[in-house]
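Okay, got some structures for you below.
There are two complexes below, and they share chain A, which is joined by chain B in the first and by chain C in the second.
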Partner chain A sequence: MPEWLRSYPQLLRSAVQVTLTYRGRLLFMFAGALFPMLLLFVWLTVASESSTLPGWDAGRFVSYYLAAVVVNDITASEISWSFDADLRTGELAAKLLRPFPVFHQYVATEAGSRLVTVPIFGAVLVVLTVAVPMVAFPSGFASLVAALVAAAVAFVLAVLMSSTFALVGFWTTQSGNVYMLWWGLGAFVSGWIAPLALMPSWLQHTAELLPFRYALGFPVELALGVETGSAIGGFAIAFAWIAAFIVLYALLWRRGIRHFQAVSG
Partner chain B sequence: MRSVLRRTYENTEAVSDVSFTIAEGEIVGFIGPNGAGKTTTLKCLSGLLHPDGGVVRVIGFEPFQRKADFLSQITLVLGQRTSLLWDLPALDAFAVNKAIYRIADVDYRSTLDELVALLQLEPLLSQQVRSLSLGERMRCELAGAMLHRPKVLFLDEPTLGLDVNGQAAIRSFLAAYNEMNGATVLLTSHYMGDVTALAKRVLVIDNGSLRFDGDLQTLVHDHSPYRLIRLTLRSPVTRASLDLYGEVIEVDGVLASLRVHRETTTTTVSRLLAELDVDDVAIEDEPIEDVIRAVFADA
Partner chain C sequence: MIGSVAVGDRGLRRYFGLLAIFWRSTFATELEYRANFFARAAMSVFWTVWAALGVRVFFQFSDSIAGWDYGELIVVIGMFFSVNGLRQALFEPNLDRMTEYVRNGTLDFLLTKPVNTQFMVSFRHLGVYNLLDPVLGLALSAVGLAVIGRRPSVANLASFTVMLAVAVVLLYALTLSLIAAAVRLVNSDGLGAVAFVTVELSRFPVQLYRNPVQTILTIVPVAFLTTFPAQAMLGRLDPWLLVVGPAVAVSTVGLGSIAFRRSLRSYAGASG
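Right, the complex of A and B next:
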């Protein structure tokens, strides 16, 4: 085990403390997380007025988007924004001089904040599932476990994507916007705009090959039992993307760090 | 508008032709005007920047590789930049450093106690960093940067923006740290007081090139052929009566200052004592700022 790995628990503790310091921000975060509910209302209207969505009644839509809120909280990575800000304020210099990989300094911060928010979102989801009859995840125990694993995989993939795009900042000193564009384009094939099961089959097949679905829709689909394609195949593609982003990150880091201008002072 | 459509870039050589060696335990002042290349050099030495050419070695390491063993033995303090956690008390940031630098509990306790005493941190430790004054934050910043007892300190304007007391506190801390730990220090500062209080040797850099490397006294001697004689007389004198002895800088009643050639200082003072009603006399070197200005002018 590398030496620096032993420092992780303390970094997570600090990140939890920082997250808890801003209670106001936490409230805003929870409020912001409810935005997908707008999409839910659109789809509820569609479902009530059309009979062309077999199997997709109001209960299924509500369940889908409630789970999507939780997964989105896990995977909405802010690393590219933080890196962007650190580059311009010079804070990156402090991170670079610590004997702890820069990548993991950001990941620890993200993971620490998830340790605060995910239990809250998760608990709300469980309570709603128990208390509200229309909210249901009937896919079975094995699929629910698979969904939890897929959510963890989604976190890993999302922080890798965000971290990789962050490195664009070495050349442009702006990386948050680039990542936002990437994630925005991905919204159509991630399961965010609509469950992929409702998309045309060509779009489903495209989505199955791209990384976005594995950072959002895939765990939700598993929990609901509405996954397109095989679950094992899905995990295989997700791991392939994780490997690809690890390689891309390493390459960009090696080139970018030589390009680093240590701006701001 | 044109710059949006067609952009031109110019390459600027930040530092070139800079060579020096610093012995273990030495405190060296690194001085030069804004944009001279001081910070760039410190960033190369600490591993933040990759030099396009030349060789950089610090305690046996190539800094840019940023090996953990290297980073564990150095620190870079950039004035007015915080590596503390803005929203948490300094003590929490210290706990993170303790974990990152793998500092044993016993060592952490004793080092922290020492730093708290030297920098008078006791009342500050449990306050949120964002609520501290600049001087208080800088003291906490230094403590955080020293917890792992670095052997090499790169300090870039550590007293920037601090009042006289704040500057004095940091200077005496650095002197004490150097003495207790035998640490090597490379210090940049626009406050010459920092340099004269701490460093015997100075490096003067301008336009990315080294202009001087040597003893501070030699720098003063070589670039300042004059000395200042400050007189307190028993009765007021006129400027004309002092013109005979040297260049009169100022006359204000019984107080007067003269600039004389270094070689003639002794004879001039003897004459002044013999010919005028002198109550007190002091001989000083010219202010170091003036000397540095002369170095840049010569260059």
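Right, the complex of A and C next:
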């Protein structure tokens, strides 16, 4: 077992502590749940007025967006922003000195904050599913397990994407913004603006090949049983993107770190 | 004596002079980072276009949602960017600093200045980068009007101006109450989120939400931020609101001001 893997539990513990200390930041995290709820309300109005939404009644929209809030909490990664800040303050130099790969320092921070927020969001989702008849995930046990696995895969893919875009910071101080652009473009094909099943079919096929859906919509679709395309094919594409981002990260890191001159004071 | 500075004619001119000095100094600091300005401008343009294309998705299944067609919705979204940009430019930088003022004892120092404290904590800083957003937002609203092929009359523009002013004053009242809360809470990092969420709720016209949400958003005056100014521009505003709006705006600022003064009375100082 490599040295860094053994220190992971400790890093996670300290990340949990930090999350619990800065509760103001937590409030912002919960505010992040608001935007999908706004989209949900609009879709409910659309569904109530239009009869051309095949199979999408109010209950399905509510279930979709509630689950999307949970997955979004899992995958909304802040690594691009913190890396950018660490470059400017010189904190990155300190991180480089620790006997622990920089990548895993950021991932542990992210994972630690999820250990606080995901149980909260998850519990709300479970309670609503049990208590409100409208909220239902009727896809069956196997699909629910697949959805949980897909949510874990989504976390891995999201931190890899965010970390890779963070490295843009070696060349420009805009890595946070560049990642937001990437996310914004992806919002059309990730299942954020609309469930992919409601998009035109050419956009669905494009979405199945791009990474964004596997960092948001895919687990939700599995839980609801409304996935476009095959589930196994979806996992294959998700893993292909994970591999691609690992390679890209390694390449950028090797070039960027040579470019890096520490800022300190 | 806090808040007892006479704001007569000379006083008012003095405060405009101070505002000019505050904003000039913010500009001078921020213009050091010109590359940043262009990056932020590019981002603003991107998100404006993004929002306009995003709502297009809702119209796949019908031509109008809750009585709003695509062009009209674009007018509201333009209004959202204007109002949100004004929040970020005028109010957010000051609200963000309030927590520091209270924790570090800077507020003690501000209280001793021969200037109205409420004025000082409300308007000292300016989000220079966000000044472009209101312009972009108005441009987007104009595009929306062009899509429907409607040209607003002079009366429409006049009532729009009134309703936009009401929106900005309401936002100020909200900011002021949050500033007052920051004085009392001392450790209050999340207050900015309240203002953010309130304005974010106004991204779509309130009619797009069904009841009870729609009624709640009309009473908690979210509808005043974008829906009513857009309706004024489109000539669909209930004229009654031209009276109600200013009255609501003035009374909420009054309440905010009272809340701020009372919070100062409970403030015990932080330096030592």
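Keep this in mind: the second predicted complex is superposed on the first by the 262 of 265 C-alpha atoms of A that agree within 3 Å, B and C clash if a C-alpha of one lies under 4 Å from a C-alpha of the other, contacts with A are read in each partner's own complex, and residues count from 1 in each chain.
We adopt the following convention: a contact is a pair of C-beta atoms (placed from the backbone, for glycine too) under 8 Å apart; a residue touches a chain by one contact, two chains touch by 3 or more.
On a predicted model such as this, the values are computed, not experimentally measured, just so you know.
Superposition note: with chain A as the common reference, chain B and chain C can be accommodated side by side.
Of the two partner chains placed by the overlay, only chain B lies in contact with A:93; chain C stays clear of it. More residues of chain A lie in touch with C than with the remaining chain of the pair chain B and chain C. Looking at the shared chain after the overlay, A:184 reaches chain C, while chain B stays out of its contact range.
Residue contacts after overlaying the shared chain place A:22 against chain B and chain C alike. Within the superposed three-chain model, A:235 lies out of touch with both chain B and chain C [touch as defined at top]. Contact with chain C, but none with chain B, is seen for A:42 once the two complexes are overlaid on the shared chain.
Legend: residue contacts after superposition of the two complexes on their common chain; A:14 is shown touching chain B, with no touch to chain C. In the superposed model, A:199 makes contact with chain C only, not with chain B. Of the two partner chains placed by superposition, A:81 touches none, neither chain B nor chain C. Annotation: apex chain A, arms to chain B and chain C, angle 80° (C-alpha centres, rounded to a multiple of 10). For the three-chain overlay built from the shared chain A, the minimum Cα spacing from chain B to chain C equals 7 Å. Once the two complexes are overlaid on chain A, the chain A residues touched by chain B in the first and by chain C in the second are 22. Put simply, chain B touches chain A in their complex at residues 39, 43, 46-50, 66, 68-69, 71-72, 74-76, 78, 80-83, 85, 87-88, 92-93, 95-96, 98-102, 156. Interface residues of chain C, counted against chain A in their complex, comprise 35-36, 39-40, 43, 46-47, 50, 53-54, 57-58, 60-62, 65-66, 187-193, 196-197, 200-201, 203-204, 208-210, 213.
By the touch criterion stated above, chain A contacts chain B in their complex at residues 3-4, 6-7, 9-11, 13-14, 17-18, 21-22, 90-91, 93-94, 96-100, 257-258, 260-262, 265. Residues of chain A that touch chain C in their complex: 22-28, 31, 34-35, 38, 41-46, 48-50, 52-53, 173-174, 177, 180-181, 184, 187-188, 193-194, 198-200.
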